[in-house]
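Everything below concerns the one structure shown next.
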Amino acid sequence: MKPTEVLIDALEYIKKFRHHLFVIKLGGEIIANEDKLDAVAKDVILLSYVNINPVIVHGGGPDITKTMEKLGKKPTFIKGLRVTDEDTMDIVKMVLVGKINTAIVARINKFGGNAVGISGKSGRLFSAKKQKSEVDLGLVGEITEVNTELVKVLVEKGYIPVISPIGFDDEGNSLNINADTAAAKLAGTLKADKIIFMTPTGGVLDKAGNLIPKLTVKEAKELIKKGVATGGMIPKLEASIEAIKCGVKTAHIIGSGEHSILEEVFTSSGVGTMVTEK
Amino acid sequence: MKPTEVLIDALEYIKKFRHHLFVIKLGGEIIANEDKLDAVAKDVILLSYVNINPVIVHGGGPDITKTMEKLGKKPTFIKGLRVTDEDTMDIVKMVLVGKINTAIVARINKFGGNAVGISGKSGRLFSAKKQKSEVDLGLVGEITEVNTELVKVLVEKGYIPVISPIGFDDEGNSLNINADTAAAKLAGTLKADKIIFMTPTGGVLDKAGNLIPKLTVKEAKELIKKGVATGGMIPKLEASIEAIKCGVKTAHIIGSGEHSILEEVFTSSGVGTMVTEK
Amino acid sequence: MKPTEVLIDALEYIKKFRHHLFVIKLGGEIIANEDKLDAVAKDVILLSYVNINPVIVHGGGPDITKTMEKLGKKPTFIKGLRVTDEDTMDIVKMVLVGKINTAIVARINKFGGNAVGISGKSGRLFSAKKQKSEVDLGLVGEITEVNTELVKVLVEKGYIPVISPIGFDDEGNSLNINADTAAAKLAGTLKADKIIFMTPTGGVLDKAGNLIPKLTVKEAKELIKKGVATGGMIPKLEASIEAIKCGVKTAHIIGSGEHSILEEVFTSSGVGTMVTEK
Amino acid sequence: MKPTEVLIDALEYIKKFRHHLFVIKLGGEIIANEDKLDAVAKDVILLSYVNINPVIVHGGGPDITKTMEKLGKKPTFIKGLRVTDEDTMDIVKMVLVGKINTAIVARINKFGGNAVGISGKSGRLFSAKKQKSEVDLGLVGEITEVNTELVKVLVEKGYIPVISPIGFDDEGNSLNINADTAAAKLAGTLKADKIIFMTPTGGVLDKAGNLIPKLTVKEAKELIKKGVATGGMIPKLEASIEAIKCGVKTAHIIGSGEHSILEEVFTSSGVGTMVTEK
Amino acid sequence: MKPTEVLIDALEYIKKFRHHLFVIKLGGEIIANEDKLDAVAKDVILLSYVNINPVIVHGGGPDITKTMEKLGKKPTFIKGLRVTDEDTMDIVKMVLVGKINTAIVARINKFGGNAVGISGKSGRLFSAKKQKSEVDLGLVGEITEVNTELVKVLVEKGYIPVISPIGFDDEGNSLNINADTAAAKLAGTLKADKIIFMTPTGGVLDKAGNLIPKLTVKEAKELIKKGVATGGMIPKLEASIEAIKCGVKTAHIIGSGEHSILEEVFTSSGVGTMVTEK
Amino acid sequence: MKPTEVLIDALEYIKKFRHHLFVIKLGGEIIANEDKLDAVAKDVILLSYVNINPVIVHGGGPDITKTMEKLGKKPTFIKGLRVTDEDTMDIVKMVLVGKINTAIVARINKFGGNAVGISGKSGRLFSAKKQKSEVDLGLVGEITEVNTELVKVLVEKGYIPVISPIGFDDEGNSLNINADTAAAKLAGTLKADKIIFMTPTGGVLDKAGNLIPKLTVKEAKELIKKGVATGGMIPKLEASIEAIKCGVKTAHIIGSGEHSILEEVFTSSGVGTMVTEK
């Protein structure tokens, strides 16, 4: 296909999605891989150039664990949630906000975008409270309110917000928030058009191991219930369901192959699983 | 090349040209060819989708001649300029504004753009006076003032202006304006970043018949003087020189092959001749 | 009456109508008469100067017929509707948009107004579909949607829009729209305060041949039903009824005598027939 | 002349003056006469309706004198300036701001305008200092600075400002300012297009007692020097000269006949004397 | 307490009230006392500096009576309402608008605020009709409509409006309006957050003569009914009740001690009586 | 002094500084001390409440050193500049952006402010290049360009920007920037009214150890040259001189005692050293 034909083929998708808002969740394995991060950065810039507004939320579990170990702290997990004491919270903030967020911002800006990195404490973005749990998880929080004003100002002025999932409670304490949930709550409050989860595994697979291209919320719940969806896919599906419940039009779970965002958005087949209301 | 790579390759050019204003002159042979017009329409929409602001100026000589003949009027030309009596002027307006302009608008809007067709009388765009000449050319005019307010309003609101080169004198009479000159004057007054002339012949050729990819204003003048540039290429070069003199950064003379606009703008080699100050 | 007294008398009407929007339909016989067109142009400018916003819609049947005949095509009408094949549609566009619209714009701008001529294809103004009919009328359309965005932008920026009643279907084809209906639909969608039909015959007459100064919608329907209103008056009354149904406050059917718009608007007696809801 | 012709004739003047700003000085004898005040109010409203922005400055000497006498205070004048002690200043404020200003506002609003009455203390309009003089004049001031922000806000929002010439010094004390000078300074700082002085005597007369329709600044100075202009005409001419020096285009000294403002502005002959730079 | 601690303590109240709108009614005894007026002016400026928007309404009964007497007119009151003939109305306007209003504006501007004095006739603020009464009270009015547009423009542009309670009827006649009622109606229409009545007596006292710090509307009505609230306190309570009924959050009746506004607003105890819905 | 008197006394300073922009540099020792940080947070909020716009730039040297040591890296300094290899740069970002910046934001937001924490990479704030030096300092940078757009957007929308001094070079690499210099360059480019350096030592002392309340740029240079200013005071003075050279009106070097910002800004004596042009 000639390059100009590709551009002309893209017209249809640009027309469909321009002026839409996409929340994109980046997982730790993308951030750890320079080439993948560069590819994501370029995808995000291209979206912004065709007037699709991307908002990035990132995780960073592996990096946190590594830094904890370097500092001689042993990471503990209960049901997949990191037990977070004060020292661990400091490490979480240092790794997420200080290292990963600035790295994403650097990549986007290097290739011509204009990103702004913020934590969920800036502009009172994520209000949170300690997550209730049988065992004390420490400073692990759940979001109680999302204040989207700052994100809206940044988007309106043409910036690409890059957000670390740190919340704050009434006392101003930092709380460690799950990035998938943070992305879903943010997308829901912003009434985003799409939420896209980039994962190392790609989309949802059926029992036979084949990619499921489309799922309704009901089917997604079924997959969880029946145990077809397992491991890390469960929180992705749950976050997708939550986002759609709050008004997001479609949720996408895609792999972290190069330019998988563009492939999902700008081709009819897509590369992952799309979840819709019905 | 994978489609996503094409899109990513386009990033560099989008970054360079976004928020720029391009005046594009369409010649009669494009308008007469449905496929070519469709291709141009899509190119123009793509430009507008990546925040490059296109403004179209069109000609239509062959169509005018054909309609005159149908109506039993014999076209007369003096030094390439159509002698224009009152009846001819009526035909010029009917063909340019009524037929060609609405056809271009229809094509752009069909594929998802939002064009607005106007003549140079609307919003007092082209003030003109009768062109002085040894022989009386009738209602042939030269532009004395360009009022860009309406064009700026339309561009700012996201419309794609499509302009017929009709001027008006102090008495409100219509005057037939050369489309190349009208495009150049408009581009100059708008301080456009590029002016692009689409011609059946493609870019400027040297004596050996090879395309000259780049010319300075000085070299262009030389080509005219030495008789290397001939026929219809002369007014294109003169209009390019005029536009650059008024502050337009680059002028492009390109062929009317499909998507030649995109090829000229989004590839490093281009497909035509680019004229620059130095 | 001293001139200053006239101006002072006008205060009451200016006060009443300032910031109102008037849709004015001009019939073919006004356009054919230079003096009448000049008078209308001045009336329209005066309205705009006292902050009443005029929007012009024009017809042009006689001129179309004349041009068809010059080109050797025989006009055919079925129940008053012009059978419109492709060639006829080209002539309709050439005459309406190319000749009549530019002539109205020229007149208004000559006397100090700032008009912008557009067809119903620009800014996606009139979406239409082929009109259903027992016999095939060809490219005759009825409006399915009015997109007033462009008209609002022009009015807000101080321009006087002059509109040719050409619509476009989903395929981008041009459709010939009745000008009275187009004006009524536009006025209704714009929630205009007044719609004014300028006709050669003046207002509605009763059986005795006397002008009826005021009619309710109910009375207007009665006049049609009882056959008191006949010929060209029926579509005017029907368009008036349609406009009022869509929220226009008053419809006026007036003659094309000089300055009849000003007389209708700025005097208590008026010169035509006013139709109101009740 | 038919009323519509009058309106059409006014087009030329409206076109010329729309969006202009006129400062109009009303003298005491107009304010004292209900009919004249009504006529002025209507003129001012008409100006505002055709987008000419009027700003009113008023005097009120006779009324002040009358009120002083009622309260048993004897007015004293030195070279035409009222000696103003604290009690007199209170009376000046009560009469100008409390009585005359509210009366003008009432008249304008009664006939459909939207006036706002303010003194020169509001919005820090007129900063002033005590006028130096051989004999102590008390609280008589001369303007040191004009802060036009409030007046501009009111004009921009469509209000008609009505201003009493009271200034304030650095201590917040009120100072009695000559109304002609206040109008001239205000017009100059606003870069008004016209300043109009309404006087009981009408325009400037030559030695033979004939009205002089036009004067240059130089000629006006000559008239004062040679003693042709006498009495109350001298301060009017001086204020005209001052206003023009500060950038006002034309100054008009007209009589207080009914609708003399409209006659001066909307007819070619005018009714008073126009002073221009050259 | 160290000064910086005072400022830091004020944070809590500033945070609570910033961007709120307070209508403050000043009684005659404050206006008559230079020191008190200076203190109020400073309080009002401080409010405006911390982004609390004050709007002042003033009375002036004693001063009117005094001026009437000086002019040899005998004031007559029926049930606390001043019988107002034409001459009295002139005096009311002169004293309220000319003397008191300009004095308040002068004080506020002297200390660095930016006040604008207007009467209820400016910007069509207070429409009114003659108050019905068994005996003819003359030009005593009750408000029929409050047009807050001008007040909102002034507040938005950072000015402090100072308002004299003069209304106008359909004929443009001035009507004398009770200042407490005017303040309540204005606060209600503006949906103000607080209305504050400054009175010589301070807040509401119980039978034992002790200050009642808080009252519900129901309790306030009870106090009136039972005769605990007497004299001038009754109209203050009734105006408070009226304002709260129209949506004002709290009404405050406070004394005229120096800086009592700041004490009421910026301390937890307050200095007067606060009336709330419940 | 009564609390209300303190507030009233503050009027003068609020009047003087409202709508001004202050850049405030916080040193490491304030950040390390919870009480001091709380006091600074409240001072900053109070400034913002009275419409003085604070922009915070922070350092964090001691914390970086401590974290490096925890991670087993030995800090090396050459002429006071930290030798910064890639690992060190990661630690710098983690400590400055992840830990200190989020802590300052948390404090300000806890007490009712609305802070937004960003690094110099966001919004392309600090472009930088490697600092030239005889010995290779690694990733130590000097600012080449300050892009204040993002900071202006945040200030205009009412946020308090908190900025970590990290720059980026043309390749997108992070560079460690001296916080004093970053604050000075930022203040200069923003044309801030004041730059305030909070230091543990307080203002500049003379030879006898007494505080010097005021210094001109010339005197400041003299103090450095003569060796009276030593150690950490030299970069503060140099940054002050640099800021003033770029158009900042006054630079203040103050101690980190509680509420020292308010004392410096809101009292006539101040608590530190003020440097001015002359």
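Quick notes on this one:
In order of appearance the chains are A, B, C, D, E and F, and numbering begins at 1 in each one.
The rule is simple: a residue touches a chain if its C-beta (ideal position, glycine included) is under 8 Å from a C-beta of that chain, and two chains touch if they have at least 3 such contacts.
Keep in mind that what you see is a predicted model, and the values were worked out from it rather than measured.
Of all chains in the assembly, those touching chain B and also chain D are C. Set against the Cα centre of chain A, the chain with the most distant centre is D. A repeat of the D-E interface exists among E-F, B-C or A-B; more than half of the contact pairs are identical by residue number at B-C.
One finds 34 Å separating the Cα centroids of chain A and chain F. Computed from the mean C-alpha positions, the centre of chain C lies at a distance of 46 Å from the centre of chain D. Per-chain Cα centroids separate chain B from chain F by 55 Å. Centre-to-centre separation of chain B and chain E, using mean CA positions: 67 Å. Shown for chain E are the residues that touch two or more other chains, of which there are none. Taken as a contact graph, with one node per protein chain and an edge wherever two chains touch, the assembly forms a single closed ring in which every chain touches exactly two others.
Beginning with chain A and continuing to chain B, the ring of touching chains reads A, B, C, D, E, F.
For chain D in complex with chain E, the touching residues are 67, 70-71, 90, 93-99, 101-102, 105-107, 109-110, 114-119, 121-124, 150, 153, 157, 159, 166, 168, 171-174.
On the side of chain A, the complex with chain B involves touching residues 1-12, 14-15, 18, 42-43, 45-46, 49-51, 111-112, 258-259, 262-263, 266-267.
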